[in-house]
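In the two assemblies presented below, chain A is common to both, partnered first by chain B and then by chain C.
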Partner chain A sequence: MHPDLLIHTKMKKAQIQIGETIAVLFVFFILIIIGFMFYVKIIKSNIELETEELSQLRSVGISQKIMFLPEVQCSEDNIIIDNCIDILKLDSAQSIMKKNEIYYYDLLEFSDVSISQIYPNEAKWNLYSRKIEDFNSKFVTNVPISLYDPATRKHGFGVLTIETLFK
Partner chain B sequence: MMNKKGFEIQFNWIFVLVAGTAIILFFTVVVIKQKNVSETSTKATILKSMEAVITGASVSTDTTNIIDIPNSDIEVDCGRVSIGGVSKQYQSLVLFAPSLIKGNKLITQTLAFSTPYRATNLLYITSPQMRYIIIGDSKLAKEINKSMPSELKKEFYQSMPEIKNMNNYKIRFVLFENLIDFPKALEKMPDSDVTAIKINGDSEKGIIEFWQKESNSWLSKGTSFYIGKQSLIGAIYADTLDVYECNMRNVFSRLNLVTKIYAERTKKLTQGATSGRQFQCNQFYSNALSQLNSIFAASSNFNKGNIDVIADSAKSLSSENKNAQIYSCTLIY
Partner chain C sequence: MKTRKSQTEILGLAIVVVLILVATIFVVRFLVLKAPTEYRKGFVSSEIASNMLNTLLKTAAKECSQLTVTELLQDCAQARSIICDDGKDSCKFVESTANYIFDQTFDKWNMQYEFLAYTDIRSPLIKVGKPCKADKRSKLFPIPISVATMYTKLDICG
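Coming up: the complex of A and B.
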């Protein structure tokens, strides 16, 4: 074979080999990227699930905090009565919580808290309201409660509605 | 020919080297990123459990819990809890804790702050690795020792013992009598890790002096006040005067809001008690209202004068509530 032709053939072979290696590397990186994308997708869905769970937990936490607020809770000689709201406290708590909305934001975050009396009369109190427009999740918790009127010493029945919003 | 072949082999090696470096670099970046994400995620998990503790504290009183957490250093400041770079800010948090909580366990305690009605819950957090040395022979010293959880690394002495260094990261002395001489065994510890409070008062109210180690003696860090055993316990857990006073200011602002509600409620009870059997109750409600108004005015600021006013009014209010109970009136709180 002519020496020039031999050099040309060997050069071509080397070029093909380099091309092959580049192709292998390209495929390797493509596979890694696909694997990585798959991993990110799984992680993302896990994070979304965790966020949802966390929002639910926070919502339950806010509901619990409201139920135990000394501002509205019933007590007899400083002994707390569970699931009971004092109507006389409610009237003043409503205006005080509205006036100190920023203070209560620390406890109740972005939420809307209202109490509806069902029996003996129908009445409604809006305790706290701080909402956001661009929320991602919203949870509504309804808690049946006893509404105590210390003036008449009678218990009524109502529902505490807590609407929590999360970004 | 040989030169060309040699060049081809060398080029192959260079190519392998570049490709290998690129692959190693890629995986190193991925591993480092993943490590950072994992660390941040652990910190966020601890912070979440702290949030859960804080929520739990606001809904339960007189409870003690031991919580397992990943080994970490939690920094607590006025209205801020942080772990590494992750932190959570609170506007009106009542959390009495040392400035640094180390270890894989948290001891939490909650007590109600009542004057005499419950205004808020006080949350105390500390580490089992922190050492508390209570020295005193008074009734209050014994009560405080009993009130603090048994899970704590606490020691109670009636007089000054010989103190040994047990390699705790922080030591807090709680002194009910005179200030002790600085223990020689603790001289090598960092200054900020050995602190003391000297209590002068009873279970109702009193003065707290804050001290900190300075080489081989004590350095005064200032004086503050307490109202009730609960706030005194707060001064034991919080290792700096600033954190204690910040928490007490938050307690007072909550007391102010709650008192306003109780005052309005009592006013309504007074209006409703103008006829029949309930007329007798009116007097108790009027007396209670004036006490509530004085607590409301005094809770606007945390200082010695206001503490005295609140303590006196709380006593009177408690007796008015008892009177209301005796005469079968609706209770004030």
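Coming up: the complex of A and C.
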């Protein structure tokens, strides 16, 4: 074979091999990108899941804080009565919570707390309200609660409604 | 010889592909399709079951000389001597009050429930709501009466 022809054939073979290597690298990087996209999607969905769980836990925490607020909880001889709200305290607590909004924001964050009496009479108290428009999740928790009237020493039936909003 | 070698290589490749597929299915099953843990649901249903019964039993009935539901239930299981302002006896009054309260709460919250008051579970004195078909959260509260013990039971379905 003529030396020039031999060099030409060898160069062509090398070019084909370079082309092959480039194609393999291209496919390899495509696979890496697809894998990375898949990984990012999984991580993103896991983060969303954890955010949802965290919001749920925060909502439960806020609900419990409200249920055990000394400002409204019933007590007799300094002994706390569980699952009970004093109606007289409730009237005072409404104005106190309005005046000290920043203090209560640390406790209750973005939420709306109201108490409705169902039986024997119907009544409603709005205890705390701080809302946001652009929330990502919203939880409404209804808890049956006893409403104690210290004047008559009798209990009524009420519902504590806690609406929590999270960004 | 060459054909045999390439067949072995294809088999190896197929095994690798199968392994990758299995791994992907596992990842999708356990990571992507993982349902969030319902912390709130558990808290809410347990709070509702216990609070509802405790609150109901403490509630005073203004149409029945401000007697509590517990006192009316005790009368219901024994003498049935109390007649309320609307002419109902203690059993009927507790039943209608419970019906009203559950209508304002459980029915509005789309929750299925069953409330029973009994000394013998086979013949309940008061029965409100429907029995749960599957999962339920139950709260039982005993009330002492002179001859035995009566029970109030609240089941919240789901």
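Heads up, the rule we're going with is that the second predicted complex is superposed on the first by the 167 of 167 C-alpha atoms of A that agree within 3 Å, B and C clash if a C-alpha of one lies under 4 Å from a C-alpha of the other, contacts with A are read in each partner's own complex, and residues count from 1 in each chain.
The rule is short, and it goes like this: a contact is a pair of C-beta atoms (placed from the backbone, for glycine too) under 8 Å apart; a residue touches a chain by one contact, two chains touch by 3 or more.
What you are looking at is a predicted structure, and each value in this text was computed from that prediction instead of being measured.
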(message) Contact-wise, after the overlay, does A:Ile145 reach chain B, chain C, both or neither (first, second, both, neither)?
(response) second
(request) Return first, second, both or neither, reflecting whether A:Ile80 touches chain B, chain C, both chains, or no partner chain. (result) first
(message) Taking the superposition on A as described, I'd like to know which of chain B and chain C A:Leu88 touches: first, second, both or neither.
(response) first
(request) Check whether A:Asn46 is in contact with chain B, with chain C, with both or with neither, and answer first, second, both or neither. (result) second
(message) One more residue to check, A:Asn100. First (chain B), second (chain C), both or neither?
(response) first
(message) Under the stated touch criterion, which partner chain does A:Gly156 make contact with: chain B (first), chain C (second), both, or neither?
(response) second
(message) Looking at A:Glu133 after the superposition, I want to know if it touches chain B, chain C, both of them or none. Which is it: first, second, both, neither?
(response) neither
(message) Can you give me the overlap between the chain B contact set and the chain C contact set on chain A?
(response) 57
(request) Would you mind writing out the residues of chain A in touch with chain B in their complex? (result) 7, 10, 14, 17-18, 21, 25, 28, 32, 36, 54, 57, 61, 64-65, 67-68, 70-71, 75-78, 80, 86, 88-89, 91-93, 96, 100, 102-103, 105-107, 150-151, 153
(request) In the complex, go through chain C and note every residue touching chain A. (result) 27, 31-32, 34, 36-40, 43-44, 47-48, 50-52, 54-56, 58-63, 66, 68, 97, 100-101, 104-105, 109
(request) Flag every residue of chain A that touches chain C in the complex, lowest number first. (result) 41-42, 45-46, 49, 52-53, 56-57, 59-60, 63, 82-84, 118-120, 139, 141-146, 152, 154-159
(request) Mind listing the chain B positions that touch chain A in their complex? (result) 1, 4, 8, 12, 15, 19, 23, 26, 30, 48, 51-52, 55, 58-60, 90-93, 114, 116-120, 253, 257-258, 260-262, 264-265, 268-269, 272, 321, 325, 330-331, 333
